[in-house]
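Mind having a look at this structure? Questions to follow.
Labels run A, B and C following the written order; every chain starts at residue 1.
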Amino acid sequence: MIQHPIYTASNQQQQLMELTTRLVSVILFLLVIRVGCSASPHHWRKKRVGEPCKKLVFYFHDIIYNGHNGKNATSAIVGTPAWGNRTILAGHNHFGDVVVFDDPITLDNNLHSPPVGRAQGFYIYDKKDIFTAWLGFSFVFNSTQLRGTINFAGADPLMNKTRDISVIGGTGDFFMTRGVATLSTDAFEGEVYFRLRADINLFECW
Amino acid sequence: MIQHPIYTASNQQQQLMELTTRLVSVILFLLVIRVGCSASPHHWRKKRVGEPCKKLVFYFHDIIYNGHNGKNATSAIVGTPAWGNRTILAGHNHFGDVVVFDDPITLDNNLHSPPVGRAQGFYIYDKKDIFTAWLGFSFVFNSTQLRGTINFAGADPLMNKTRDISVIGGTGDFFMTRGVATLSTDAFEGEVYFRLRADINLFECW
Amino acid sequence: MIQHPIYTASNQQQQLMELTTRLVSVILFLLVIRVGCSASPHHWRKKRVGEPCKKLVFYFHDIIYNGHNGKNATSAIVGTPAWGNRTILAGHNHFGDVVVFDDPITLDNNLHSPPVGRAQGFYIYDKKDIFTAWLGFSFVFNSTQLRGTINFAGADPLMNKTRDISVIGGTGDFFMTRGVATLSTDAFEGEVYFRLRADINLFECW
């Protein structure tokens, strides 16, 4: 059967029209998806978590000054409440004790491994009825492998198996970074030595 | 009137062409708008303020240790300048006094309301000629409703009706958050009790 | 030669098809490029450094209380390790000394220039074998030119010519800002006066 030319053309145009419509739909769909995830006024606010842009694991080692270990000590009590003193951590779960530290950072859990940097800052025991601390400190790196600092702040309810603190900034290799560090107590020996493992997950890298 | 088939086809094609062109224009326009608002090199820097992604209001209550209120006290002086002591806030507007706290957080301004979390950290009085403090602390939540921490730092010129400090990070329900908290002194009783209202406006939510 | 209508229509449609295909390709290409540069799951993480959105230079001046200069002093020792006291910076490179300060900020390096704000917070000497400190403080501005705060935290290995700390947040004119401040010791006189220059580079402005 011979088709009328108009009908034929119209039929082809219809197919073309459908194809175009479908393509345009796909494009609009892609746009809508992207608008939904990133370009709305909500752009700056609702962010996707996703995978960290950098993951790091370190250990750091704290030997607190107790009046007898001046040579080895890496930290010291520098503030206490009225009922405390600066060579013995205070009662009431050390509430109010302020400790300044300069702890070696190692890649494994061995205190005697070569340090790759220093953890420097302070912690404050801040609860009377259970051990809990507040931390403000930096990881300071100054080697050919790593150079720069990562700055941390946050609550450390240290009786929990793991606890999260904030990575609030960084410099050098860690310029402007942000993230979360998960701390866990890897060892705890009397009231003189403890070792923390820090699993650092950075979610903003520059 | 009977149209010539070619003319008809061409006419329909023209309409189709116009339709396609118009659709493509709209798409390109959308793309251009989006490039303008988000994908330039300025993307990371100039950000729009807009509405907060989360708004929260809490109260927290500080009862400072004065030598007699050990049971109720939620905070204690742990550092003072040479002229101070740790049971009475020092002269010169308490300049130099370091206070560690573990304060209950409530949803209303009643000290005896069930606490929904703890405000833990420290403040330092840091000005000789007027009351002013510097704050480093966390809101710690651990209930079925709220879990995680919000970390704060900043200057607190506490004689001002309101003052803004920074939300520098968060964990759990407040993972990676940033924002501004507006503090106001809701009550102040002698030198033993004060209550702060914190209006937290988060502008980065993940 | 007169073309058969069908053939003609078909030919035109083919051209239209090609045009559409080409346009759609361009659009998809644009989309792909933008996906690559900004909208992937990496969007929030890998950020371009580029130029700061704001650059500021200030000086601040610290006069530490030594028992005799109560009138002029802008800072005081408020915590020390067991071997220290609060009118003389401790041995071992002042390890453990906590100093609270309220220092004038000036636009040039002259202590007597009119202050444009105050640097308020604390520093902690935190290393036994070299001078190193950890800083938590704010620049507080309250003039017609500048209003708001910039909050800082980080390690200050002060024997280095320059060292970087983090801008962790801000309020007012510096709402939500982030960046890096490069500190350098502009003057150091005995153990009583020092002057720091702060080159502030902000990379997130709102």
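We take it that contacts are C-beta pairs under 8 Å (C-beta built on N, C-alpha and C of every residue); 3 or more make two chains touch, one makes a residue touch a chain.
This one's a predicted model, so the numbers in the text were calculated from it and none came from an experiment.
J.: Line, ring, star, complete or other: which one describes how these chains touch?
T.: complete
J.: With over half of the numbers shared counting as same, classify the subunit A/subunit B interface as same or different.
T.: Different: fewer than half of the residue numbers at the subunit A-subunit B interface appear in both copies.
J.: Measuring centre to centre with CA averages, how many angstrom lie between subunit A and subunit B?
T.: 18
J.: Residues of subunit A that touch two or more other chains: which are they?
T.: Within subunit A, the residues that touch at least two other chains are 5-6, 9, 13, 16, 20, 27, 31, 34, 38-39, 47-48, 78-79, 98, 136, 153, 168, 203-204.
J.: Can you name the residues of subunit A that touch subunit B in the complex?
T.: Within the complex, subunit A contacts subunit B at residues 4-6, 9-10, 13, 16-17, 20, 24, 27-28, 31, 34-35, 38-39, 41-49, 78-82, 84, 95-98, 124-128, 132, 134, 136, 153-155, 157, 164-168, 178-180, 203-204.
J.: Which of the residues in subunit C come into contact with subunit B in the complex?
T.: 5, 8-9, 12-13, 16, 19-20, 23, 27, 30-31, 34, 37-38, 47-48, 50, 53, 65, 67, 76-79, 85-87, 98, 100-102, 118, 120-122, 136-138, 140, 148-149, 151, 153, 168-172, 175-176, 203-206
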